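After the structure tokens below, expect a handful of questions from me.
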Amino acid sequence: MSEEALAGTFEERAHLQLQVPGLATAIGRAMDTILGNRALAFAGADLEAMREAGEAIRTHTVASLPAYLERFAETARANGTNVFFAETGSEAVEYVRGVLRAHEARLVVKGKSMAAEEIGLNHALEADGTEVVETDLGEYIVQVAHEPPSHIIVPAVHKTRGQIRDLFNRVHGTDLPDEPERITKFARQHLRERFLAADVGITGVNFAIAEAGSFVIVTNEGNGRMCSSLPHVHIAIMGMERIVPSYRELAVLMPLLTGSATGQRVTTYMNFVHGPRRPQDPDGPEEVHVVVLDNGRSSILEGEFRSILHCIRCGACQNVCPVYRQVGGHAYGAVYGGPIGAVLTPLLSGLERFGDLPNASSLCAACTDVCPVRIPLHDHLLELRRAVVLERAGVAERETFGLWSRAWSRAAGYRLFARLARVGQWPLARAHRIRRGPLWLSRWTRDRDLPAVAARTFRERRRRS
Amino acid sequence: MPPARVALFVTCLADLLFPEVGEATVELLEDQGVRVDFPEQQTCCGQPAFNSGFHEEARRMARTLLAAFEGAEAVVAPSGSCAAMVRVYFPRLFEGTRDEARAKTLAAKTYELSEFLVDVLGVESLAGSLHARVTYHDACHGLRELGLAGQGRKLLAGIEGLELVEMARPDACCGFGGTFSVRLPEMATAMADDKLDQASATGADLIVAGDAGCLMHLGGRMSRTGSAMRPMHLAVLLAQARGLRAPGARR
Amino acid sequence: MQDEVFLTRLRERLRGVRVPERPTDLPLTPASGDGRLFERFAEELPKVGGQARRVRPGELAGVVAELAAGAGAAVVASGLGAHRDAVLEGLATAGCAAEEPTRERAATADLGVTGAALGVASTGSVLIPMGPDAPRVASLLPPLHVVVIDEDRLVPGFGELFEQMADLSLGRAQTVLVTGPSRTADIELSIVRGVHGPERMVVLVVANGTE
């Protein structure tokens, strides 16, 4: 993400996004499409039973994470895969750079990986003079446009077909019409050349399978297969919590993932990588590396937020979030947006910088309702707000709540407050409405009227009668 | 046996800004043969402070409810949000304090109005008459924290002349969210406008909800933008439809 | 050493945390089968833009010839078992050259023909373990992918699939579950087929029994 995109507060970034014409409409359309498909994908299934099972699997797995990671390293290495445990993002980046140097790699083709974005991998490799090509069509479009993705599943949803056509024609010197078929065909052919020429393929990992030493990458486009099959070297970046004990857990977690993420029963390709090519294989990479990334996750293992590590990165919480709907991912100023971002980012990157993210929510709980593994997201947001207050509450806010709570700790104080408010509002109220509120109430009355305190409150009327 | 007598938890919003909501709630309950007490020690459930992370401050206000409703058999609130604060969060808020047991007791006997009418009193339908096109907003906390599922619409179904038309996303958050609406006013307004666009697309005259907070936020935006629609609390609509109060009876 | 430092840190953070039981009883999902095999398979695959056809062994050559009509070259994986001859015959009939599935040939071929180890009825998927008998490029580069699979290799759903996954992947570097042709919705949410993989996919399910 660009530095400008990260700067400021949520409110400032959201303000910028709210100005982007058509953004909320485009995101809303993507969300509605995915949600509609999701309902179809889960039709006839006992979704609640699936969610319960998903929660149980993830709770068990994360609680015994070191054992499963140890097992995975053992079985993967027995298959010939290199496994590297990276505590920090820079350790992970250094490892990848080292592999690329060893192979004198100039061209990398890349599948979608949130973990890779977390550690700024593209940026680091490009600084080395390596060409990094995003291969998911939506990611490729925003890469060419030098913009960050606006949605986790459909990164270029904010762009019209005309804009994409113009972009490609400008950058590639083509004369494409604004038909998705033709634009896609061009991208297919252009990216095919990159796939065939690439030295290294880098992907993410949807799940590692501890017992087998294998890992799985899911895509609809086939770029995951390309990245893990055509170049000589395949590097997979894996968040350390993205692991299942064995294949059988995937029978539940996969349908939960794909149903929630894209509204599909199954994605077109489920690509199980067991290791580098075998001696008799006609194709496949000679080296496979899995970089297992901590990058702050271990600090979350301890304590009340551990269940956020159950996340399977489906994006469903984003798809139902009414705040995300209006502003998309950019407003969150970090790799993860929406409810998952509002919880994970402060935990991974600090309350100092991201303490306002837990407030970027009306606590409507739609996220908790939809999470396929039943993470209590909105409760985590509440707990984080408390943590922020305990660590760094502003004096003004603390004073306000302090005074208010003392005044209202007795009915007499509350009734006095009502009388004072009625007097105080007298110059401001017209026909029982206040159009310009005082102090922080002006934040309300900028765009909305405020009702005046009633001439007689309910309790005053009750007393009279 | 449903309780013959309940205590009203009027909520600070209704008490101070929308007293007709409190009155209509009493009217509806009495109409069902239930006696309604109003214990005056109550001030506020403390939700704004709690949602902002100020637990001690929230407890100060919330204790007034513990005292007020000590002896009540059941407590009824015309607000899913406030009822949820008590039922879902009071046990957590008072955990480890000497009020823990009282908080749990209160939580177990607190209800939102529509769920009290339908689930506790067993009201199948309410006869009444009101000619209007109405769209219903499912307020978030009632829907997701209390698990309200259709009680409000069920009560509207018996009203003659009332045409219920659904928004595209009736359960989408309106943007009030309590303190959210002043911390992030631009976001809150964008969310309100989304909701109001959906509502006006239905051709409704009235937006109805069981929560005064949502209605204050949507209503405030409607009045600022000169919308032809009006906000109306479920309790007020039902009480009017049943002839228990005159339309516009307020200040 | 590196591993130990990493894992020790995790163990310290999890000290005292109770580990709940690993769940044994997993619920049905939309990817669970209902017992119907080919009928279900043939219902599901078209939903994602693929085609499924049931053929008797004696019809196989003819169907392949139909699919290869107008095609100049095909890459054919060796892992077709008893059906290899019929496939080659069909291609020859259509005047389509049958080539080794090298990267160069696959990149220019009009179609790729492979076998599959297993078919999943609940989703219309086929499982292809990659290797000398099934080069990756054969099912990835050409615009049309034809799969020849025996009907008795169909299983009801994901439960059965994942039960067999480890065995079927033994000795393999990669196994792919393929469900229909490659697709994207990245441009204005409109579905386009044939992004980085085949644009068309036909699965020929060969009925059991001789003929």
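Labels for the chains are A, B and C, by order of writing; each one numbers its residues from 1.
Definition applied: contacts are C-beta pairs under 8 Å (C-beta built on N, C-alpha and C of every residue); 3 or more make two chains touch, one makes a residue touch a chain.
None of these values were measured; they are calculated from a predicted model.
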item: Pairwise touch network: line, ring, star, complete, or other; value: line
item: Farthest chain relative to chain C (centres taken as mean CA coordinates); value: B
item: Central chain of the complex, centres being mean CA coordinates; value: A
item: Distance from chain B to chain A - Cα centre to Cα centre, in angstrom; value: 33
item: Centroid spacing, where centroids are CA-atom means, of chain B and chain C in whole angstrom; value: 54
item: Chain B residues touching chain A - in the complex, by the definition given at the top; value: 10, 12, 14-19, 21-23, 38, 40-44, 46, 48-58, 60-61, 63-64, 140-141, 144-145, 171-173, 175-178, 180-192, 194, 216-217, 219-221, 223-224, 251
item: Chain B partner contacts - residues on chain A that touch it in the complex; value: 10-11, 14-15, 18, 24, 28, 322-323, 325-327, 359-366, 368-369, 382, 385-390, 393, 397-398, 401-402, 404-406, 408-411, 413-414, 418, 421, 432-433, 435, 440-441, 443-444, 446-459, 461-462
item: Complex contact set, residues of chain A against chain C; value: 29-30, 33, 41-46, 49-50, 52-53, 56-57, 59-60, 63-66, 69-70, 73, 84-85, 87, 135-138, 141, 154-157, 159-161, 164, 180-181, 183-185, 187-188, 191-192, 195-196, 211-212, 214, 220-223, 225-226, 228-230, 240, 245, 247-252, 254-256, 259, 265-278, 280-284, 292, 294, 298-299, 301-302, 306
item: Contact footprint of chain A on chain C as seen in their complex; value: 2-3, 5-7, 9-11, 13-14, 17-23, 26-32, 44, 48, 101-103, 107, 122-123, 125, 130-132, 135-137, 140, 157-159, 161-163, 165-166, 169, 171-190, 192, 194-197
